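Read through the structures below before going on.
Here chain A shows up in two complexes: once beside chain B, once beside chain C.
This part shows the complex of A and B:
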């Protein structure tokens, strides 16, 4: 009897506490890490926690954030979108170049239309032809960079009359004391979070990402669902291009290079699983902001900007590891 | 039943090589095993019986290190063991031959048998010669008709199973567990398996043999143990018992389905399938289901029954024929159209096809009828709860809360959620594909009652099942399928079991077997 008593009590308790620590780490670990980081940064730099610096960080994070909101939807639906980086280049170059040629309104409309078209191509190939999303969007990443160079002839573009255009509103404007990019980020995040949590459409995306076969057996039009997530992603990229083009009033050919990884980093950091079927926009918003603060802190501490790439890598690995460790209830695995 | 002489084997008198004592295994919301004892002696075949969901597979997974018991001891060769994973168990000499095969079809027989433990020579290179020799030694013991360099993908299911057994032999096992090994074997492939099992016994290996088929068990085993609803109900010597006693141990109470409660009032045709074919899957299938009627579709695994259901549901494209629903030719192009027109399919594979395991109970329940709980595209939480509560109560689903992930529920409760999901779509035609596979006895009879009540309230119901009692107990009419064709149609109340068996095995084969 004594021995059964022992197994009854000791084993579950031991397991529980370990699993509990892991799940706590995985759920809150990033936040703890973040708070420690904030503390360290504020120790080294008085500026760091100043209101103006915080506003700057949020503002800078908003472009990545806007894109990340869209890509989160794609990921919840069980796919990836790596093409957002060069799509951002494409859309920014397009809207900036066309601004002087056909006027801001037409430029914006055309840019949105063409960006959505790229999203539709991604969506068609992945949703209806069922090609692997990683490969399709990776190929798209490279193809669009090619299109951008063809379009621009390798030249950087800019807007000639930067002072007298309402186009500046999107990147430089303020509404009620809040920068427009931050406002757009916030509104898009709220809008899409509401769609994902409170509409049948959102529920179906979760279902498709969670178990595509069961979704089909429940009468859900899986192909359309997947297709639509790429339209959402493209729409968000177009919004980000609007902000970016308007803020810089010009654009390099490769302005969006590397954004796909930063976006992914933000999403993973927030805790949305790359396996699909789970996650939330709020998590992504938090992840993107953490990423922004870390980068800003490193800069303020005087590290060269490329250090942030390495730090970002470390953070992504940590985030993915903790997520997985939580699922298998231990940090290391004995299975080969 | 079996052609070979049913010699009742005397129990082998030896100290057990393996003992399980007081094994208890809990999953969230369910006790899968409660204080179960089990032992195996060297050189004996110990059959483990029990209904679906009785806990046989769970017990064996505990034994093979796939699950860890909450309580209890595993004693192998006098030593207490704690297997953390299947590899531990294999090294210690306990091997489980899987129901689902886990072979790599692109590799050769030899590579599969020694997967993960390929013999090596210097610089970590694979020692192909030794691999070949070792494999041939194992293949000799198995006496099977294939070579070490055959690709596993090119072998028949029976031969693949031999490869699985060969893989077990590579570990020089002390105990080998066979989990329903004959489920996918034809009658003339079975003796080969029996020979292998007998020769393993002669070599002193202890065999655990799980099967539903009484004839096999009485033919092969020395002792029989029975599980019922996760409880151990006893062990008997095969020589001293008979099928009746075993059945009573398994069921514990009368499970005869109440034939009188079948629906009796039929309306017009709801479903009419006319000469439906899908190339290389099934051919020229015709039948009908009337309002208020339960039609059973009976046949072996692979006869094409699920595929017919999937075609009606718009998941497969027919190469010929028509599906007529409520007097209209429909031929759905996708499942969405089928659902919109009032067809519901409770699929065969709950976990892969029926549920989103990571979602909670409520969300799974409303997944097929989201528009009914939404206004202007927005779901109303109150309406969703209403739907959930309705079926939660009506079907006696046991969950702590609607927030529970369905992945944590028992099979029976999961199945009830799938059925609830489809009932809420208010279908005209309800197709149930193996509605009670792998669920506990209690839920099973609840589901049977429910299906009959649904038909009485006017639903047209098509039930696909491989279990004869289920088909006989539910159906007004029975459609038998064999090898992609409808072979016969019976009146559900006046049909002999022999006739049914003949119809689903093909007449020629039956003659050969008897």
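This part shows the complex of A and C:
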């Protein structure tokens, strides 16, 4: 009897200390990597930590960041959204093309309406028809790319008079010394973080993503919750399109290609679980910034950008591994 | 009845008079990826218009959508249909060679348009028609040299890695610059993937990294305008010479505004018309060189008026 009690005490203790290291690593590992990376980069490039470079990185990261904020909500709700890259192409081409045809105000309104409509279709198929989100949004990725090609006929679209349009504000403007894209990124992140943390709606999204059955039994209208997450994601894409279109003052039909993966990379790096029910906007903001600094740092060190893909994905695999290791309290599986 | 006979007679007469009027010819074309960019889209409509004008040419227009396997399938379809000649815009300079060889064995002349194929396939093609991208790189290097007066530090934003056009332009530029202008230093090259937004980001990082940049060479104007955007955003555009290639409408306008030094005028319409003409010359049995380059002149503020604003 005494011996069993002894083992009962010893084993959990042993596991606890191990788990303590693991959970510390998984919780802070990314930040540690980040700090080491910053140190290495600043060692090789004196401009890396300069104020202007940091502002550049944050500004560049804000387009990915704005989208990632919306997709984080979808992921917390237990689904995925792979259509955001194509949607970004669509919305940017639309707003830039319409700018000269119907004026900036109408162009922006119409672009938001149509982007939200795509989000609503995603949300309807996934929320109400209960179709698999991976398949629906992957199909949407291709379908929207097709629409963009039909709409643009493959031609690039441009804003003719770049110097004299207030549309430039969204991508090139500054308010109080802060670039407008960064401001939009920050405001959206704060707004959605507050909604997710402090409102009943936010808690319902967490519940739906964490345990859909329990959520339904406790009277949450799961269909509407899932539907709404896709509207949020589409809204964020529309905001990003505003920034991108205004920054470049032109667009081409493949401009958002691959963004879905960068967005996911930022979210995963931040530590939001792809399984749903957990995560936060703050984590995503940090993940997106880390991604931006990796890309910028490698470029400043003179590596071509495709090295970034390799480095980014090595770090992501590490992040996912640490996350899983923390959940099962060990680095490797005990049995095959 | 009389009319028909008259037409038939005149056709016979014409075919005796010139080799060109023989036919009607059926020419199949398999393009790389129409719709992916403005250049290819304009090329397709120009090609169809040129064939229409030619009168005695019947064209089968196909598009591989960037997919090598699909393009090989389209080549085989065209061989089955026994067209008189095949024009191919290769999706991949290596992988399409077996299909080109098949056409060659079937006695159908193959004309490669716009982008070259690998050396191993050259013996199976009747002719190549397209821009000389190495020469374009050379011309850009000469413009850069002139604009900087032989002294300065520059950066390069190249096209898609692995894409022949990108490599040839970069190669021509770098070689010629080193030779003609040893006083101009190429600080760094990064790919911009033919994408304006990516080029803009790359340029922002260059501007952070280098305090002093005198010139930027971009693999096309779409990227060049991205670089210009970045420099304007950083308030450093005035001191920088921007040179591109494949003059786009945005680049044309920027030259007109004096913000952009120069580019290479490459018209998809010329490209398409040259491809069709090369095919017709081959069919007429004319003695052609293997490589047929259409003219792609330098364009700067000085001669801007000689050129139409590009449609893309």
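List of remarks:
In this text, the second predicted complex is superposed on the first by the 323 of 336 C-alpha atoms of A that agree within 3 Å, B and C clash if a C-alpha of one lies under 4 Å from a C-alpha of the other, contacts with A are read in each partner's own complex, and residues count from 1 in each chain.
Operating definition for what follows: contacts are C-beta pairs under 8 Å (C-beta built on N, C-alpha and C of every residue); 3 or more make two chains touch, one makes a residue touch a chain.
Everything quoted here is computed from the prediction, not taken from an experiment.
Model built by superposing both complexes on chain A: chain B and chain C fit together without a clash. In the superposed model, A:277 makes contact with chain B only, not with chain C. By the touch criterion stated above, A:299 is placed in contact with chain C alone, chain B being left untouched.
Once the two complexes are overlaid on the shared chain, A:249 sits against chain C while remaining clear of chain B. Look at A:216: by the touch rule set out above, it reaches chain B but stays clear of chain C.
In the superposed model, A:153 lies in contact with chain C only, and not with chain B.
With both structures placed on the common chain, the touch criterion links A:207 to chain B but leaves chain C unconnected.
The superposed three-chain arrangement places the nearest Cα atoms of chain B and chain C 34 Å from each other.
Across the complex, chain C is touched by residues 45, 47, 50, 52-53, 56, 59-60, 149, 153-156, 158, 160, 172, 244, 247-250, 252-255, 296, 299-300, 302, 304-306 of chain A.
Within the complex formed with chain B, the chain A residues making contact are 4, 7-8, 11-12, 198-201, 203-204, 206-207, 210-211, 213-221, 277-278, 334-336. Contact residues on chain B toward chain A in their complex (touch as defined above): 22, 70-71, 84-85, 87, 116, 313, 315, 334-336, 338-340, 345, 347, 352-359, 363, 366-368, 370-371, 373-374, 377-379, 421, 425. Residues of chain C that touch chain A in their complex: 34-38, 40-42, 161, 188, 190-191, 195-197, 200-202, 204-205, 208-209, 222, 225-226, 229, 233, 248-250, 253, 312.
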